[in-house]
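A, B, C and D are the chain letters, set down in written order, and residue numbers restart from 1 in every chain.
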Amino acid sequence: MSGTRSLSYGEAIREALAEEMRRDPGVILYGEDVAVYGGIFRVLAGLREEFGERVFDTPISENLIVGAAVGAAMAGLRPVAELQFADFVYCAADEIVLKCGTWRYAHDGAFRLPLVIRAASGGYGFGPEHSQCPEAFLMHQPGIRLAVPSTPDDAKGLLKTAIRSDDPVVFLEHKLLYGVKGEVPDGEHLTSFGRARVRRSGDALTIVAWQDMLRRVLAAAERLAADGIEVEVIDPVTLNPFDRETILGSVRRTGGCLVVEEAYRTLGVGAEIGALLMEQAFGDLDKPLRRLAIPDVPVPTAQHLVEALVPSVDDVVRAVRELVG
Amino acid sequence: MSDAMDDATRLEVHRKMLLARRFEERVRRLAMAGELPATLHPGEGQEGCQIAALAALRPDDPMLYGHRGVGYWIARGLPLERILCDIAGKEGGTNRGKGGVMHVVDPGRAILGESGTLGGNFVVGAGVALAERLRRGDRVVVMFFGDGTSNRGQFHEAANFAGARKLPCLFFCENNGWAVSVPASESTAVRDIASRAAGYGMPGVVVDGSDLEAVYRATARAADRIRRGEGPVLLEAKVVRFLGHFVGDPEPYRTRESVEAERARDPLPRFQRELRARGLLDDARLAGLESEITTEIDRAVEHVRRQPLVAAATAFESVYAS
Amino acid sequence: MSGTRSLSYGEAIREALAEEMRRDPGVILYGEDVAVYGGIFRVLAGLREEFGERVFDTPISENLIVGAAVGAAMAGLRPVAELQFADFVYCAADEIVLKCGTWRYAHDGAFRLPLVIRAASGGYGFGPEHSQCPEAFLMHQPGIRLAVPSTPDDAKGLLKTAIRSDDPVVFLEHKLLYGVKGEVPDGEHLTSFGRARVRRSGDALTIVAWQDMLRRVLAAAERLAADGIEVEVIDPVTLNPFDRETILGSVRRTGGCLVVEEAYRTLGVGAEIGALLMEQAFGDLDKPLRRLAIPDVPVPTAQHLVEALVPSVDDVVRAVRELVG
Amino acid sequence: MSDAMDDATRLEVHRKMLLARRFEERVRRLAMAGELPATLHPGEGQEGCQIAALAALRPDDPMLYGHRGVGYWIARGLPLERILCDIAGKEGGTNRGKGGVMHVVDPGRAILGESGTLGGNFVVGAGVALAERLRRGDRVVVMFFGDGTSNRGQFHEAANFAGARKLPCLFFCENNGWAVSVPASESTAVRDIASRAAGYGMPGVVVDGSDLEAVYRATARAADRIRRGEGPVLLEAKVVRFLGHFVGDPEPYRTRESVEAERARDPLPRFQRELRARGLLDDARLAGLESEITTEIDRAVEHVRRQPLVAAATAFESVYAS
């Protein structure tokens, strides 16, 4: 059996792209500053050199970037397109919701749409239009898969799966994770969509979180464990498909749930989890739901203001104590 | 010149134009009678231009069509009953009630569909052309659109991208001077949409859409250039929208007389006169053709009447491929 | 005291616009086919004649339609812009989310943005890109008010309030309601944002619904009443601000909640209501939540397929019987 | 000619250009030292063009600026410490940490802000111009943007609308040939963005952005025309971006030498030579000015150091007006 190597999240993404581009000549990679610059977050180094015209830069034309992915996919390629900042899903929402999401359906399955939209979400200091986590917007729309990798391992495995998927996938890369290291399995490594991971086991409470919030939750879990409170931490890995069963199973055991997310609170992903539990685990709950999220305020620019809005490790610790009190 | 129609093509263009005209007349009658949903945007007056343009392209040239009428599909030989079934939401159409007449599709005939939000065709079509170029293919991607649609941002983004990368795209504008009720003079800063081509480094050509020989020639020339790898072309045909925007449009924004005056530009009688002059058509042949077409339409209508509605379970299918 | 008149929902909208345009010369009205045609649904007849250049047609340029409303509002006007179909909020999502929703915040309140975006939602037979109910998308975004009038009375009163509001309001008009008649109070008539209406009282169960789904729910409630089941029906009237208290108060009494909506089920408005109840009415619930919505499938074109997806009166009756059964 | 700068204006443009240059040098130093967030997109090389253009407009002409540097605000007389406080997230700026240096705002100086998604300025600015026109005002709305930004659909939608309704807009393109790392030749189908103007029924004018006299004249003429109600103008200045896209950009996409070669087009020494030739500047006066400017910058930096961070509670404010 093969081992693992330590890679950063960004390196894992690069490796996934390189492997899939080697494997399938139909994979192409494009976006603003993708080719020569290697991506604005510089994670794509060397791909242009290796794959030539299959890696290219586009104009600042987000509708085109996403729309052309739909067309190229219809024509049989497997485009991987980049939106520099995840907020730009709103710039191309016509193409994301109504082209990626419904072209196949409207034409009754005449086409497969194997395309990936990579976009960098979250992170601080870039202001209200360069910092959002648009998970909820995307998860609401039918026809679009949504991956939210939290570790280098999953970043690689999910991106490879996304590229091989025959459906449109939005792949959100969290800016603050690019430099974070982790073990990645050697060799061919694919991660399944729709299977949540239990990142930590416990029976005091179920916490659902992903990406940067998962890091904060795991830090909080350490602190809580020191006091004998063992929480279970679930990383959904993909939000569409969404692994309801793993969350339900955990909550049926722990009796309660806290969702920690970096999106806006109202109709954030936590809302769906809350409703799900109330529908399907009603009898097993012994605590109210808690949601920690951005309190329905745009993301400001100054770091310390952002931190006033985004759930912190302290917030998580406090919320857990209140719930398991 | 190789750019001109040959006689076989002339006869085919004429037959298809007549078929489209008569077929839409029937569809409108059925819609007004409540037998079909009134979802078609009538193409009367523009079908000849559509059909002549497509005759100058190859049958495997990928097409994203406009919402104006049935000419695009008839040009590509799609059987009438399939179109009718799509309108009616019955089994036997191309999209089983999902997209109706807005989303007729047939990849085998290189009919790639339509974007319901105007302008989507541009960006999706640019992607199809990108794939064609990367694979060194020689097909031309044709995108039909109206003058009004040229004001969406997607036009700009796709045209610039196509121009910068010399993609094999034909931007085919059917300029009928209206976007529903809004005259182009109110909404659009220029008279000729083709004047926008220069801003994307591509040729812009204006042609009289009621002169089908001219439409054919201009399209053939554009396609030639595009196939040679010299990049996209914006071709604008000046056409007349004889009817309302949709079946049942009361058209409060223009007078019947103003439209009737424009009927002088109807390409159907004009093209028929030309065919007669060339000895390709006479009264007897026309009568024969009309009756053939009536039979074809009758048969399609009968067929669709017998077809069942698509099953309700269909609504849940084909959201995802896997 | 003044009486009422019977108006259609469409007429009520027209009246609200005419009154506000007479009252305030800063109100302008524009969009595709708004002026000469009187709107694609023909509800604006006569406004162009009365208000001249303050009512005008635009190009097919949805980004411009919404973006210019932001600019005109910044400059002191009160634009009322129309998107022909509510699905087109995705065409202008950059402007809706990032300009309407964040321009004021990013510039720290330097501007008020008194603008209204009217858009026709729901309805059948127009296909996947002309039939959606984008409430959830809009409700998730900070900075944007969201009105969902269900009656001629509220259509008029809410639109007048929207026009006088100093914040961006998206005003969703349901296509199937335009022709529906109802009593509208004479004289100056304003409806408050953020106050839900109890459309029917009962104690068996709380049902939340609005617009066309409200009609279906009220029809179902009649049938249920014949069997002695009295449900309470709540119309939220606006979704931002969202009157959580009225829903919580009702559910605390009835012990259960059914949400019926025309949007996609996952992360539809029902999700927020479910999470809200689980957070704040946990101890008072004696039944699981139920959500009736479109089962995460785009809206097809054929009428009978649409009806297979959208909650019906029968669906509501059945769901209530199962819950209170 | 009335289109030319007068001497007072020349001196003012020079002073502001030098101030912007030295101020950005300081901001970059503070950012590299970690004392300020590195959020500024350096404007070095383009500030003169921005300042000369704004000198040819009225101080009450509404402005939506670009992301490239501080020239726009200095042209309008915004005190340095307010800009610094915005960068630092401190009390005393224009947006109290909400928008930082991307969203500097001052309605009293007709600085209306900036869209974080490129292209938003076009549609928002068109709305401001619409209001101006409906109220029969005579102000010109100026929107600054880069060559790369001209490829967004919003440019097209706003330009067409402005052209169709003859709105008082000046589309001011600073074409530096780059969008971050992507050369215009790769992304943009035309060399001159101004060539797009014809597609919107407006004049398109190209000017050398390092010739500040020419920039001023062209802007004054355009503004004149616009103020007369003749509709929008697209003015394109060819400029050089001396530095990276952002502070700390390693610029792997171009060589230092290629940039140094372009430094020959630096408008600062050129304009100084012109002022000397006109007898408006000499070594002594320049030294005096430099030292005044240093003092002004020192004072602003000292001020910002003493200012407190904006209070955390601020983050929750001003989402809604009511």
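As a working rule, a contact is a pair of C-beta atoms (placed from the backbone, for glycine too) under 8 Å apart; a residue touches a chain by one contact, two chains touch by 3 or more.
Quantities reported herein were computed from a predicted structural model and do not represent experimental measurements.
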{"item": "Intersection of contact partners for chain A and chain B", "value": "C, D"}
{"item": "Farthest chain relative to chain C (centres taken as mean CA coordinates)", "value": "D"}
{"item": "Comparison of C-D and B-C (more C-beta pairs in contact)", "value": "C-D"}
{"item": "Where chain A and chain D are represented by their mean Cα positions, the distance between them in whole Å", "value": "36"}
{"item": "Chain C and chain D, separation of their C-alpha mean positions in angstrom", "value": "41"}
{"item": "Centroid distance [mean C-alpha coordinates] between chain D and chain B, Å", "value": "46"}
{"item": "Chain C residues counted as touching two or more neighbouring chains", "value": "58-59, 61, 63, 87, 90-91, 94, 98, 102, 105-106, 127-129, 142-143, 296-298, 300-301"}
{"item": "Shared-contact residues (touching 2 or more other chains) in chain B", "value": "98-99, 102-103, 115-117, 119, 151-154, 157, 160-161, 164, 186-188, 319"}
{"item": "Chain contact graph, described as a line, ring, star, complete graph or other shape", "value": "complete"}
{"item": "Of all residues in chain D, those that touch chain C in their complex", "value": "62, 94-96, 98-99, 102-103, 105-107, 112-113, 115-117, 119-120, 122-132, 134, 153-154, 157-158, 160-161, 164, 317-322"}
{"item": "Interfacial residue positions of chain A with respect to chain D in the complex", "value": "32-33, 36-38, 40, 57-63, 87-88, 90-91, 125-130, 295-298, 300-306, 308-309"}
{"item": "Residue ranges of chain D in contact with chain B within the complex", "value": "151-157, 159-164, 186-190, 195-202"}
{"item": "Chain D-touching residues of chain C, taken from the complex the two chains share", "value": "28, 53-54, 58-59, 61, 63-64, 66-77, 79, 94-95, 98-99, 102-114, 142-143, 145, 165-167"}
{"item": "Residue ranges of chain B in contact with chain C within the complex", "value": "37, 39, 89, 97-100, 102-103, 115-119, 148-149, 151-153, 179-182, 186-188, 252-253, 309-310, 312-316, 319"}
